[in-house]
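Going in written order, the chains are labelled A, B and C, and every chain counts its residues from 1.
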Amino acid sequence: MDFYYSLAQIIGFHTLLGLSAYIVLQTGQVTLAQAGFFAIGAYVAGMLTVLAGWHLVPAMIVAGLAAAIMACLVGFPALRVRGLMLVIATLAFGEAVRLFFFNFDYQIAKGDVKIGPLGGEGFRQIRWFPENGWTSFEIMLFVWAVVALVAGALWWIDRSRFGAVLRAVGEDELAAQSVGINLTAVKVTAMTIGGFIAGLGGSIYAHYTTHIEHANFNVLLATFAIAYPILGGLRSVFGTIVAVIFVQGFLVEGLRFMGDWRNLLFGALIVAAMNLRPHGLIDAATARRLARLFGREQRRA
Amino acid sequence: MGFVDYVQAVIDGLLFGTTYSLIGIGFTLVFGVMHKINMSYAAASLAGAYCGLVGPQLLGLPAWTVFPLSIIAAGAIGYFIYLTCFRFIPLASPLATLMSTVGMLLLLDEIVVHSTAGMPQNYPAIYDGDPVEIGSFILRADLLGVFLVCVAAMAVLLALLYRTRLGLATRAVAQQPVAAQLCGMRLQAVNGLTFVIAGLLGGVAGAMIGASVGMLSPLISGPITVKGLIVTVIGGLGSIPGAIVAGLLVGAAENLFQALRNVTERDIYVMLLLFVFLVLRPGGLFATARGRD
Amino acid sequence: MRKTAVLLGSALVAAAGLAFPGMAAAEERAVIIKGFGAKSGVVRSFGINSEAAMRAAADLINSKGGVKLGDGATGKMEVEFLDDRCTAEEGISVVRRIASGPALVAIGPTCSNVAEPLFGVLQKKAGDASDSGLQFPIFTDVAVKGGLAKISEWAFRNVPSEAQMYNSLFEWVKQTRPELKTIYAGVEENFAHSRASWYAVMKEAAPKVGLEVKGEAKWLLEDTNFSQQVREIKAAAPDILAIAAHPFTTCGVLKEMRRQGVKVKMLIGLTSSSSLETLQGCAREAEGIIIPTSFAPVTPEAEAAAKQAARFDGSLDLHSAAAYENMFILKKVMEEQKVMAKPDTVQADREKIRKGLAGLKQTDGLLGTIKRTDDREAIKPYLYVHAKDGKWAVLHNPLTN
């Protein structure tokens, strides 16, 4: 059972990563910076619990805020560019963050050992969960409580006036602007919220793996951040959750019995999924059906 | 480190940069015609180079056959990518093809890993003699050869685009797909052919990367993809001369920063410079006045 | 997932059904040992070789009567190998999956960057009730970065001690080639193991025998252009060049050195590069490179083991040889600790194995006796090999002299 609790935790923090890209994608921006914010969250939270001895919850909030501030700062210049240019600009930023941690040393002595991030060797022994006696089941409940809060908030945003504004910007910037929407404010807000969510996800990730190093936060992770919402569909937060379960639960762990074929199927099934459901696993039609299932018609933006 | 070293670093970078240029052109070519990005392009180019190795390693053909085989294989892989990642996905969903090609990138890399167990493979150099010495500078003779091959490949491509009916059709589809279709051009055929041409070009790039590095490893596909994309946007999307210049620039900048700073910090500066460049000049070096995206 | 669970469940039921009549007749039970490591990505060959070595060892043990269990029954070793893609997340996931099942112990992982987080997930001090870390013994064969086992008392390693190997290599160099005075290094900066091998091991060891360290050229794991680094090497003009890098960049640098005509009197390589990969990538340029390693088929046992592994489509190198040795060490520990291998004794058996491994002072290895340290690391016999005519040949064997 322990294994499934642990898998649920992985799905949990990957969902946070996916949701952080989901809100930015709502405004039509494809960003590869999320791995960078995830890294900031991981390092900040790890340093707070390990070096400063904080409780995890305040450490996570501070980590999220740190990532959010960074996202806001990056948002202003980055959103001058669009489309593929933005993809590359954010990729450059994400890589710069990763390389910053590659060169980042901050160690203090604790007893006879030195702890803290040490450049290329990584940051060892982030063991807040086991040291405080949390069982896998409890960690899973905690992770999913955070995921539920975040997903719930985004679900509510999707339904609010602000959600409609986000999608308006995503669908047609010119039209949105002409009805008086402040494009920069909307995009930067979405980016900041995304940064906060990625920071939360990163802080859970660091405490899950207990050891982080720069190489964990590479372009592949950034690609997966946008892959989840795209695979899942941009119509509903559930799409992202379904996509994470598809990738982490099915492609990575579920296919393990396939042995060597698993890795080949990984890419092939992503290609197949996009061919069969180009608008995501949960596209507009499915989302409407889902909404009906929950007893109310979804208001279209 | 003196002035001579910095100049030498820039020269090395420029010579190596031609392979970046070729990858960048491949990205830009597909983008120009379909307004879509093919993320698996660099991986496909390397996969083509790997296929070339089948000749000498398994069939016992002479070493030089590796080059034409690589190029042909990459062209075929290009068409395969078109069929699996573009042909049946609606044109209006750019995110879907972005994702399908990411899946293809992972698939191609894994196929290569499975067939070689991830071990680096020796790849023949195009020329194996001593480097050329000019004063206090050293030029790698084989890189000069790679440079010339890359320039020749670009020249052939430009001739194809601007001197043949096929090129005319390609450019027509790039500019006005609907109008081109109304004039009787078969959109799917032109798109497919573009992938084959871009694939062949990628094959040249993959073979030249193999030749200049001396080895192939699945390790290089990631960095080459990123570099290729960077070259594409710096050069301006859809601009072939832009990609050529940008490839050389990226090669030189990378080496210069390594000489000026440490290798561990090298890429930070390259990335920050890229970020600033894109923010200040969102259209790239040779921006076309095509508007958004 | 549900489907996998059902599949797994039914497989277990089927296995139990098969085992039951067997138990009644011959008192034979399965001893399940899982391997894990990278079987995808650039390090796939490591996983393939480790799996082959484990299967080869299990086959040999089973054919010679299996493991004698605590109640006199015979244990048959069963091996399964899982892929962790060399990522921390999957490594942890794989081990949690293994620990949820009937396996008594696991051998792995391939990558140091998996071993480090993985050991962090384990309970730090065995028996510490306030620590909810995983209680499962892991006996590492490949991940070689120095000093990792001290992270958890459930972590054991049978990897060579680089400090000791390079210390004595440099001493040997001093004795046999006293005319060599200076050393320079090439370091793969973004790979933790390569970095540690130079900065923490070789750079410390060289001055002790009077070698002058002239600095280091640096590159990254995925770099392809080494012209600048080779010029730095040329400018330093060292007698000895130590390359702390994996085969791909080791070959890249060696090829660039040939092109630029840079020659040194002696080349020393990273222990992990003494594999087939280097020869596959650049046999001609690597000619003469000296590498200390903990395996070469020089003893009758080692030769037999290499043949046995070849039957399972793997090649035995310093890493997979450790996996092979681990299986025999585990067999001995299980017999000494009277492991039961019954479904209701799984956790107790794991604790017995942990205690047994922790109590070992020395074990048998393919090249001779392996000493075990208090912090659960091994001090293995070693020898120096060099690349000669496209093959690894033994250059010097401190054991026989």
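Here is the rule we use: contacts are C-beta pairs under 8 Å (C-beta built on N, C-alpha and C of every residue); 3 or more make two chains touch, one makes a residue touch a chain.
Please read all numbers here as calculations on a predicted model, not as lab measurements.
**Student:** Would you identify the shape of the chain contact graph, picking one of line, ring, star, complete or other?
**Tutor:** Graph shape, chains as nodes and touching pairs as edges: complete.
**Student:** Given the two chain pairs B-C and A-B, which is bridged by the higher number of C-beta pairs in contact?
**Tutor:** It is A-B, judged by the count of C-beta pairs in contact.
**Student:** So what's the Cα centroid distance for chain B and chain C, whole Å?
**Tutor:** Centres of chain B and chain C (C-alpha means) sit 37 Å apart.
**Student:** Could you grab the centroid distance between chain A and chain B? Build each centroid from C-alpha atoms only and quote it in angstrom.
**Tutor:** Those two chain centres are 30 Å apart.
**Student:** Could you pull out the residues of chain B that touch at least 2 other chains?
**Tutor:** Residues 110, 113-114, 222, 264 of chain B touch two or more partner chains.
**Student:** Of all residues in chain C, which are in touch with two or more distinct other chains?
**Tutor:** Touching at least two other chains: 40, 189-190.
**Student:** Name the residues of chain A that each touch 2 or more other chains.
**Tutor:** 102, 120, 260, 263
**Student:** Show which residues of chain A lie in contact with chain B when the two form their complex.
**Tutor:** Touching chain B: residues 25, 30, 77-78, 80-85, 87-89, 91-93, 95-96, 99-100, 102-103, 119-120, 218-220, 223, 227, 230-231, 260, 263-264, 266-271, 273-275, 278-279 of chain A.
**Student:** Inside the complex, what are the residues of chain A that reach chain C?
**Tutor:** That would be residues 1-4, 6-7, 10, 102, 120-122, 124-127, 129-136, 208-216, 249-250, 252-254, 256-257, 259-260, 262-263 of chain A.
**Student:** Could you list, by residue number, the parts of chain B that touch chain A in their complex?
**Tutor:** 31, 37, 84-85, 88-90, 93, 95-100, 102-111, 113-114, 222, 226, 229-230, 232-233, 237, 264-265, 267-268, 271-272, 274-275, 278-279, 282-284, 292-293
**Student:** In the complex formed with chain C, which residues of chain B make contact?
**Tutor:** Residue list for chain B touching chain C: 5, 8-9, 12-13, 16, 110, 113-114, 117-122, 130-131, 138, 140, 142, 209, 212-215, 217-220, 222-223, 255, 258-259, 262-264.
**Student:** Could you list, by residue number, the parts of chain C that touch chain B in their complex?
**Tutor:** Going through chain C, the ones touching chain B are 40-45, 48, 189-190, 218-225, 227-229, 231, 247-248, 251-252, 255, 259-261, 276-277, 280-283.
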